[in-house]
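Data first, discussion second: the structure below is written as structure tokens.
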């Protein structure tokens, strides 16, 4: 195994509870559907990443006031990930509802990092981390975060 | 932000090249399809996790000699993730082919960790890390890795 | 081309408008997400079938009063399709919202047929037809529709 | 129920067997994966439409000699469906392999209709019908089928 193949050192985080949620945190509710679950009755892992993305899209559109679809479409700005990861604490089954709380870990010049807490009842079932780099979709190169997105994120971060 | 919300410290790995691949590493080829790509023409992130899972399933069935579907089905053994992450180096577009090389980072008593290198041509386009805990699907509790899986993984690891 | 290969004779239906919706029809709203759309910015066809299924699941759980997930899970009753089809009138793009109205075309002894109208604004964007056969998931054989499902469907059909 | 809501009259076709396959028919093999199957262990219906699309993409690229991804991408030509339907004869489970045979039912001026037979062993497990209208992706309007696609399809149809 070469040095480059070494796994990233990932500490196992401790799940949060409802008491750790602050009033300013926006959340998105999702019920896991029939087609998202595998023959063991458990949600298929890639579907968690799918639902996390739905949460981020909805957060942009319905809380930050930024139309996510215009960003990717008419504005030709990419919000692709350079890193996406999730840690799973308890399994989610068909019909389970989660409430996903969005927090911003970091706002950089051309990037931002989100941490998403998916709560099942009072306990965190899984957590996602997403590092996004803003890109120009014409050149596929990193570009400065647009002012409207930066302002909305700074305001959100200050309130959580 | 509470201490628990701190993102896991993830160092940014350096992409490997074809020269870093050793002869014993098994690989799985995949062409990214129309439906896996987004309006920017780029593969939608959850689809990478989906394809990584296909690679692992195929590696079990066609190289390790363990029927992945029997494990989950008749044998009622879960191979769920406690952690799944991916780092993206270069975007993949509709029609691009990747070759995914499987390496084993660690074999534990009730778990194993895989590192998957998705090569586009001679360069790594993205890398996935997956930590699997073996569970009993009746009780949803961790259980010892079955002997046939352990032996097959040890043999594979020794040869890569 | 053998006789068996002949396509089913499918007449092209005329899209309905809001005026054709009756007050008793239950509906399900969905916004098409980033990951459901293809490089042309248009919803990828299989995703329509996915969303139609979400509508049916939600209709069972939140309107008929039948827990769809219990039916498939604890009750071991399958609600699989013997036929699924959709006709597309106008394309749906990333960010578009549809409202899907559920109607029952037929209630049989061991089957039912649904017709789903996906409205974009005042006009039908697409329509789905689904013929479901009730099966025993132990034997994978057709079985009589359970009384609670039959009663709920008859009541719904009478009111639409 | 208005007249427009009447379901399309769909005759139930008879499944074909291997004997009905002619030598000129191109086929695509697929193994149903873990994530394509539901808690009953059966393939989730929308995944069949997904796999049918993979078969069509591969048929274009690897048999007709038309790069499907260039058509949608650089050439800005849409191959969207006006109708998609499938009839299911026997269930497919996790790990099952199907071989999908492509036949052309009709070649029109701005459209074509495919019939796809998914064989599990010697018997047809399901069948799909897809009517595609060629569109200009700038204007989202029907346009004449490009000559290279028409010629390739005519040649294929003549040989099956």
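We just call them A, B, C and D in the order they show up, numbering each chain from 1.
Definition applied: a residue touches a chain if its C-beta (ideal position, glycine included) is under 8 Å from a C-beta of that chain, and two chains touch if they have at least 3 such contacts.
For clarity, every value in this text was computed on a predicted model and none was experimentally measured.
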Chain at maximum distance from chain D, centres defined as averaged CA atoms: A
A-D against A-C, pair bridged by the larger set of C-beta contacts: A-C
Distance from the mean Cα position of chain B to that of chain A, given in whole angstrom: 21
Inter-chain centre distance, chain A versus chain D - centres from mean C-alpha coordinates, in Å: 35
Between chain C and chain A, distance of the C-alpha-averaged centres to the nearest whole Å: 30
Residues of chain C touching at least two other chains: 34-35, 38-41, 44-47, 50, 53, 72-73, 94
Graph class of chain-chain contacts, one of line, ring, star, complete, other: complete
Touching residues on chain C, where the partner in the complex is chain A: 31, 33-35, 41, 50, 53-54, 57-58, 61, 67-70, 72-73, 94-95
Residues on chain A engaged by chain B in the complex (per definition of touch): 1-2, 4-16, 20, 38-40, 42, 44-47, 49-50, 53, 72-73, 78, 80-88, 91, 103, 105-106, 113, 115, 117, 129, 137, 140, 160
Chain A contact footprint on chain D (complex, rising order): 34-35, 37-41, 44-47, 94
